[in-house]
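Across the two complexes that follow, subunit A remains constant while its partner is subunit B and subsequently subunit C.
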Partner chain A sequence: MKKAFVAALLILTAMPLLIGVAALPPHGDPDTPVHTHISARYLEEGREEAGADNIVTGVLLNYRGLDTAGEVTVIFTALMAGLAVLISHKKQPEGDAAYDAAEAAAEDAPVRAPVSPVVSFVVRLLAPFIALFAVYVIVNGHVTPGGGFQGGAILGALFIALTIVLGRERTRTLMPRLAQPWMQGAALLTFVGVGIVGGALTGYFLGFPADASLHLARKLMMLVLEAGIGLGGAAVFATLFLQMEAE
Partner chain B sequence: MSAVFDIMLLVFLIVTALAVARAKDLLGAAILFSSYSLMMCLLWQHRGAPDVAMTEAAVGAGITTVLFLVAIGRTTRREK
Partner chain C sequence: MISAVDIRNAVTVVLAAVGALFFLIGTIGLVRLPDFYARTHAATKCDTVGAGSLLLALAVFNGVDVSTLKIIALAGLVLLSSPTIGHALARAAHRTGVAPWQARKGRTS
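Now for the complex of A and B:
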């Protein structure tokens, strides 16, 4: 009975979805509104207008800068929500039930082995190169694929790898306690800062100057935004890892 | 050739997705999910979206897997 109900529900949900997919224009059709309306403008004039060779970055930071600012806000809010859950979880009353649960979990959990010397050596050998690659991805994001988000994720992964291999005492200096809130909010703060600078230059919040004379200012604004997104993203991943791993 | 590669990736994608849903061992599920992300990353790259592919590789295959492993390390390895 229950299985039949589930099957019926699945079919009822899948049918409208499949009908909707069938009504979509064929993949890559050049006559669809997406390709005739606004993409053409981005592709033809994006390089001059947005000032980025990588058109994805041009759309993300310039044409749709406000959307990216919203996205950064979502990531920051998600981190805050995650931290709230993790911290409230830690302050649970230490009753008998909590003790039993912890005991059962400890029995079931895999034993934490010391890091293998091979892994330790490889991570320490590669760390500077990974860091350089992350910075390259962030700084070169307006020319080649990549940008703040991608580079930030690579930096965050590097921090996590180093923390696993070297221990949190050694990597603590990379993220000092006083700087932590500023690093976690770096992306949002840079967006507000660059937005105000853009407002002073063009009259619109997060506006990018289109004049050829202000070309350098536009490049600089994009670079600062990318760096802020990268630092903020890395700090978000690093904080999540540190809080989840905390005893 | 290109279509064959796409179909191979899609088949792998579906197989890993089903395997993640069916796995009782959460450690295995996390690793399978990481391989799912890797397939997805190759698919993004193959469809001409290198920016998304980089994000998928770094976040999907890298950091989420580590966070899953940490979560498993702090809870239990078996699904109840």
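Now for the complex of A and C:
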């Protein structure tokens, strides 16, 4: 019954995707909009129109903002799936079996070595610089290569390094229990928030005001999006690491 | 007549060659050496001396510039982080009981 349900769900999900792929024009078709005018327009007017000096960021957040919102949803869903697997895996058998299992686990568990003083010193020495670099990559994403995804990865890696060196008790204060769900969903929530603001300004969800006088507003919206993606990405890394480390 | 540019180019070439050589030696060591500790020892040479000299070569070639400052900062980061990682790897291997390689008696290789 359960298997049949899963199969039906998979088929129902796969069908629209396959139909969608089948409806795409052949790869490299010169008559598609990408080859006739869209790329040229992005390159020529992207800087002014999208509000980002870095064309990639302009396309990612402005022209193709909805796609990126979907991408962020995928990352968030992956986090949920990862947590679900990790948590269900941890479920212990009950009764005598549980006792045996716990005992076996205690015997198998590797003895945790104290953190090397060298590693501890270097991580603590570099931590502020790494944090600064992460913020720079996030904030400067609309000028140079970089942005929320990359900066978030750096921030998440920093969190993991600090947790290894300082212990989870100290780094836990960086992610308070109450704020955790908001941080994990930060990227998605930011897209919804900015999307609604854009909707109020232009009438389209995630629309960016096109008027030249609103150049600063466009920049600000991008900055907020980048910050949200960065924070959300870092929180996803941190959560998965904490969950795996707790095993 | 040797100009300042010639000297700069010569220094760049020497530093880059040293960097490339260390990358080559480190990579050969990574493939050929017998155990985890020796391979770690070889691999960390790539990042410290190899990448360090290549970055210094770029800094010399670039002249006094903001980018040069960034390159030097990068070299400093590599010099700091790579030995730490090597140390952490070797320490973890030792603590979890990875035995070092020993030449067996009666065999030369």
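Here, the second predicted complex is superposed on the first by the 190 of 247 C-alpha atoms of A that agree within 3 Å, B and C clash if a C-alpha of one lies under 4 Å from a C-alpha of the other, contacts with A are read in each partner's own complex, and residues count from 1 in each chain.
Here is the rule we go by: contacts are C-beta pairs under 8 Å (C-beta built on N, C-alpha and C of every residue); 3 or more make two chains touch, one makes a residue touch a chain.
Fair warning: this is a prediction, and the values are worked out from it, not measured in the lab.
Within the superposed three-chain model, A:L126 lies in touch with subunit C and out of touch with subunit B [touch as defined at top].
Within the superposed three-chain model, A:A157 lies in touch with subunit B and out of touch with subunit C [touch as defined at top].
Of the two partner chains, neither subunit B nor subunit C is touched by A:L79. Contacts of A:G146 after superposition: subunit B is touched, whereas subunit C is not reached. Set side by side, subunit B and subunit C differ in how many residues of subunit A they touch, and the one touching more is B. Touch criterion not met for A:A227: it reaches neither subunit B nor subunit C.
Of the two partner chains, subunit C is the only one touched by A:S116; subunit B is not.
Contacts of A:A235 after superposition: neither subunit B nor subunit C is touched. Subunit A uses residues 110 to touch subunit B in one structure and subunit C in the other.
Residue ranges on subunit C touching subunit A, taken from their complex, read 77, 80-81, 84, 87-88, 91-92, 95-96.
Residues 27, 50-51, 53-55, 58-59, 62-63, 66-67, 70-78 of subunit B are the ones that touch subunit A when the two sit in their complex. Against subunit B, in their complex, subunit A makes its touches with residues 54, 56-57, 104-105, 108-110, 112, 137, 145-147, 149-150, 153-154, 156-157, 160, 237, 240-241, 244-245. Every residue of subunit A that touches subunit C in the complex is listed here, in rising order: 110, 113, 116, 118-119, 122-123, 125-126, 129.
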